[in-house]
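Okay, got some structures for you below.
Presented sequentially are two complexes of chain A, the first with chain B as partner and the second with chain C.
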Partner chain A sequence: MQCVVTGGNVKVLAKAIHSLSRIGDELYVEPQQDGLALRSVNSSRSAYACFLFAPLFFSRYSLPNGHDFRCKMAIKSVQSVFRSLATLEKTVEKCHIELDEQKNRLTFTLHCKHGLLKTHNLSYQDSESLQAVFDKEGCGNVFRAQPRLLVDTVVHFPPSLEEVSVSVSDNRMWFRNHVDEEERSKAMVTELCLASDEFDHFAVHAHNSVTFCLKELRGLLVFAESTGLPISMYFDEPGSPVVLSVTDSVLEGNFVLATLSHDDHSFQKNNTKGAPTAPPPPLDDFMNDDMDPYLIAMDTSMAPGTPEASSALTVCSPPQTPAANHSTRLHCEEEEEEEEETVDSDRPPNKKFRSLFFGSVFPSQMSTQPLPDQDVLASDSEEDDS
Partner chain B sequence: MKFRGKIIDIACLNHFSRVVTTIAKLTKTCVLRLTPDNLFFVLSGKVANGGVSMWCELSQGNFFDEYQMEGVSSEDNEICLELSPENLSRALKTVQNAKSVKVKLTKKHCPCVTVSAELPTLSSVSRVVTHDVPVEVIPRRLWHELKEPSVPDFHVSIYLPPLKTMKNVVDRMKNLSNFLANLNGEMNLKIETDLVSVTTHFKDLGNPPWGGGSEGGADPEGMAEARVDIRRLQQFLMGQQVTPTKAMCNIVHQRILHLVVLHDDASLQYFIPAVA
Partner chain C sequence: MPLSTQSQDDNDEQYILVASLDNARNLSNILKAIAFKDHAIFTATPNGLKVTVEDSKCLQANAFIQVEIFQEFTIKEDLVGFQVNLTVLLDCLNIFGGSTAPGLSTALRMCYRGYGYPLTLFLEEGGVVTVCKINTQEPEEPIDFDFCSSNVINKVILQSESLKEAFSELDMTSEVLQITMSPSQPYFRLSTFGNSGNAHYDYSKDSDMMELFKCTTTQTNRYKMLLLKPTTKALALSCKVSVRTDSRGFLSLQYMVRNDDGQICFVEYYCCPDEEVEEE
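Entry: the complex of A and B
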């Protein structure tokens, strides 16, 4: 595999990597026919991001001979290659990425001014594909705005804020910080209302309200603001993930964030004149929720003959939400090494902010034959729908 | 109980924000007392906060373009609310460029002071942001704790040196500090440990006109002294963001350090008790 990035694109690549580092600790690299895919996922599987750089983004792009290659590496080491963005802009003329399969490493060579060459040899680990399959085109609520709008919105919320709720009506969008039941009497509540004409595109199918983690979004905002690309936002009902993406002719970035399934959000319309609002319905105790629909489906059918295939499927009972008919389900097909699988299937979703898992739905009960499900699952190519 | 105020002028909004930020740096919670003419931020001296107390007075006309309030009753036409000034400060900071800001008492899931602002946008509809700061209403029977502290019978009253200078000096003194001043316009800041004692002398500070001491026969050369926890002094100095019109301190010998800061539109008094 050989990729050469020149000029201003080096900085774009660097920014994408920094942006991915806000999601997870590992960078998954997969050179594909349609471009180089860089992905990351967080440890609780509630946030996933992918940047796809088309072959035209590179001045040279060639795939490894004859076989599929994918790997993962510590994102911090890749970040260290592109550490100072200001210096990158001024001194780096091109960046050469080369695969050395014998030595299990990716070599990043920065060709800088004055003939200076900086070579970074980063070792990688083999990994199977990390691909979240999601269908953003199938989402009912679609918005697009200049990054400045979202950046200006997010500034009203403290940097430490975990969760934000977004609600829409026909021509308004509200952002509100999400407060746990226990903290309700002490926490400050901030709400911001945006009008539809501040957006480049505002299409509402259902007046929904979704709650997701703001922190992970900030990485995308920084990227979008610096590249000036408009941000598109897609979501449906609570529980379905929200997808935020930036696109231009040579790259596409998608951030997929899980949302709280039972939204107790009772967003206020701005015309209530201080009348007391009805208390929101009590938030279901998460531990009593049917957690299973919210665990990631680990479909190991792609790895032939893996004995751990059945144990990895952590989804069991059919979901209670009518999501069975819903097209926006998010499957994360990841075939991991054996130890990681057992850890994942045993690990309870115990994150403090009420773990948000990708909604994964298998219409049938847990099946020990992943292969038939494979037909039901959307295929890889769905991710490329854009 | 009703309260509704509106600020339109950017400069007023800015000043108000700064006052609230200063208060936020001094204490985690305090009482906001609203009367028809004034707003007060009050911290009553309690053991829990090291005995310090604070009294900040603002004339509402200096900040609000519209101000309407109805107190608890017609005889007690006041509202007292306990809140976290940090929350209020955060809310105000984000709306500095607003077209107008409304502050009102509301009842959401609990009583709140709601800061709502109209932000300028390119679209036809303004962007509205609201911050609900939860508050606790202080019942009338506790209002006696919130009276303006009487200016103590001080021994010495002196103008403070430039606060920035004082802050630099105090920052470098980590232990308990002595605070000495006399009627001749001299002030000493001193710290003492087992090994070393460091004193910074400020001269020619000037004494405010009333600083003649309680009996009038006090010795102009004598220094009054108050030993205070330096962290409180540091906190006070950190909170001052703008050069005040006047800054002075009164000392009751070995009892209280009373710091007074006057701005055009607000006054702040901070009492630090002396330690043994």
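Entry: the complex of A and C
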């Protein structure tokens, strides 16, 4: 593999890596036909991000000879290549990324001003493909806004805030800090209301409220702001992921974030799509959430047969009583150890994310049978599911 | 001037060393460049003041404040030596807060009466005088690194700007910093070997950051990163740096530091090589 990045694109690449570092500790690198994919997933697999840089993003882009290659590496070490972000634009003229499979090295060479040449030979590990399965196009609620709007919104929340709730009506969007039930008495609620005309695009299909982590959104905002790209947001209902994306002609970035699932909504959630006129959840409803079933998943292609099944998913059943399709899905994921981790009640209290998988249900994708070869959001399996 | 009245009250006759500065920052700044250990050996000669700090018998830093920097420099002996706690001295020099506002500076008068006496500092700012007495210690003999310019094999002079970037990005997980100097490629190379892989910073000999390039033999030496870390303080203050290695692989880093008044002082670091490296 050989890629050459020049000029301002070096900074774009560096910013992308920095925003990926908000997600996880490892960077998954996969040179593909359609461009260089950089991905990351967090340890609880509740957040996933992928940047795809099209071949045209590079002044030269060539794939490894004759075989698929993918690897993962500590994201910190890649960040260190682009450490002086502020001066990067002024100092770096050209960046070569080259793969040396003999030495198991990924080499970043920065050609800087004054003839300074920085070479970073980074070791990597072979990895499986990391591929989230999500269908943003299938989401009912779609918004697009200039990064400034979201930056100005998010700035009102303290850095310590972990989650925000986003609710929508036909022509309004509310951002509110999410407060755990036990903290309700002492918490202060900050709410911002954005009118639909502040957005470039505002399409609401269901009056829903979703709660997701702010950290990753902030990471993407830094990227979007520096590149000036508008951010699109796609979501359906509590429990199914929210997708944040930035796109231009040579790159695409997608951040898939788990949303808090509402226990008391799990039965009605399947009806939402069918009845888009269903009343929006009461404003304070998010406060009733049990924090445990913060069920996440990245598998949107799972096939919940019945409302009962999906509710079983959302409450994160112990392994001995999983809903039928839940266990089926887990088995075909070859992710047993992850599953155990997920449901092991002895593990240190994991604040929110008890499940690694989305209990999300996209009604549009429902089938009546669990598929044996389903894709997992963060599959570590050898299968190339792309 | 309260300070001058004060000094009149004192009997200057009793001091073997009196040094005055209108701006104490001209001393404190350059001392910061070598402040990585508490003990500093002061050596005063009619040429000026040399302050030496050492670490692990492997690293030595010298700051030279030549006589021209001082507004007054009176020395009654050929050589006056004492040792003080550098951290305490720096705290005293910044006792008025070390403001960098223009027109507001701390004046300093530094007096030493001789062996067994404290170092006395008269500091004045805005009409307020503080007198600090710092106990002196038995001066140790600084290590002689025996670094002669006649044994220098390779030498480069760089504008500090370009090295600052490299030093700020150095992979601190690497135990050593390897310096390669060579008349051919890669000319001048800084390498680290850290947890995540290795990194090389190559400076071309034709770079406009390279003021002088005089390398005769290819030499690769490693220096402990922990030892070199304090040199970044000097680098940050400096405008130019000269990197030299001698036949034994000893490293000399000389920093040219410009003070608030545009005068030039020098800070020098010597460092022992870490281990023998096969030349590549």
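The definition used in the following text is that the second predicted complex is superposed on the first by the 265 of 386 C-alpha atoms of A that agree within 3 Å, B and C clash if a C-alpha of one lies under 4 Å from a C-alpha of the other, contacts with A are read in each partner's own complex, and residues count from 1 in each chain.
Basically, a contact is a pair of C-beta atoms (placed from the backbone, for glycine too) under 8 Å apart; a residue touches a chain by one contact, two chains touch by 3 or more.
All of these numbers come straight from a predicted model, not from anything done at the bench.
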item	value
Chain B versus chain C as contact partner of A:Lys186, first or second or both or neither	first
First (chain B), second (chain C), both or neither touched by A:Arg105	second
Touched partner set for A:Glu198, first chain B, second chain C, both or neither	first
Touched partner set for A:Val222, first chain B, second chain C, both or neither	neither
Partner chain in contact with A:Leu85 - chain B first, chain C second, else both or neither	neither
Partner chain in contact with A:Thr119 - chain B first, chain C second, else both or neither	second
Touching partner for A:Ser77 - first (chain B), second (chain C), both, neither	second
Chain B residues touching chain A - in the complex, by the definition given at the top	87, 90-91, 94, 104, 106-110, 112, 114, 121-125, 127-134
Chain A residues within the chain B interface of the complex	155-156, 158, 184-195, 197-198, 270, 274, 276-277, 279
For the chain A and chain C complex, residues of the former touching the latter	73-74, 76-77, 80, 83-84, 87, 91, 105, 112, 114-123
Chain C residues within the chain A interface of the complex	162, 165-166, 168-169, 171, 186, 194-204, 206-209
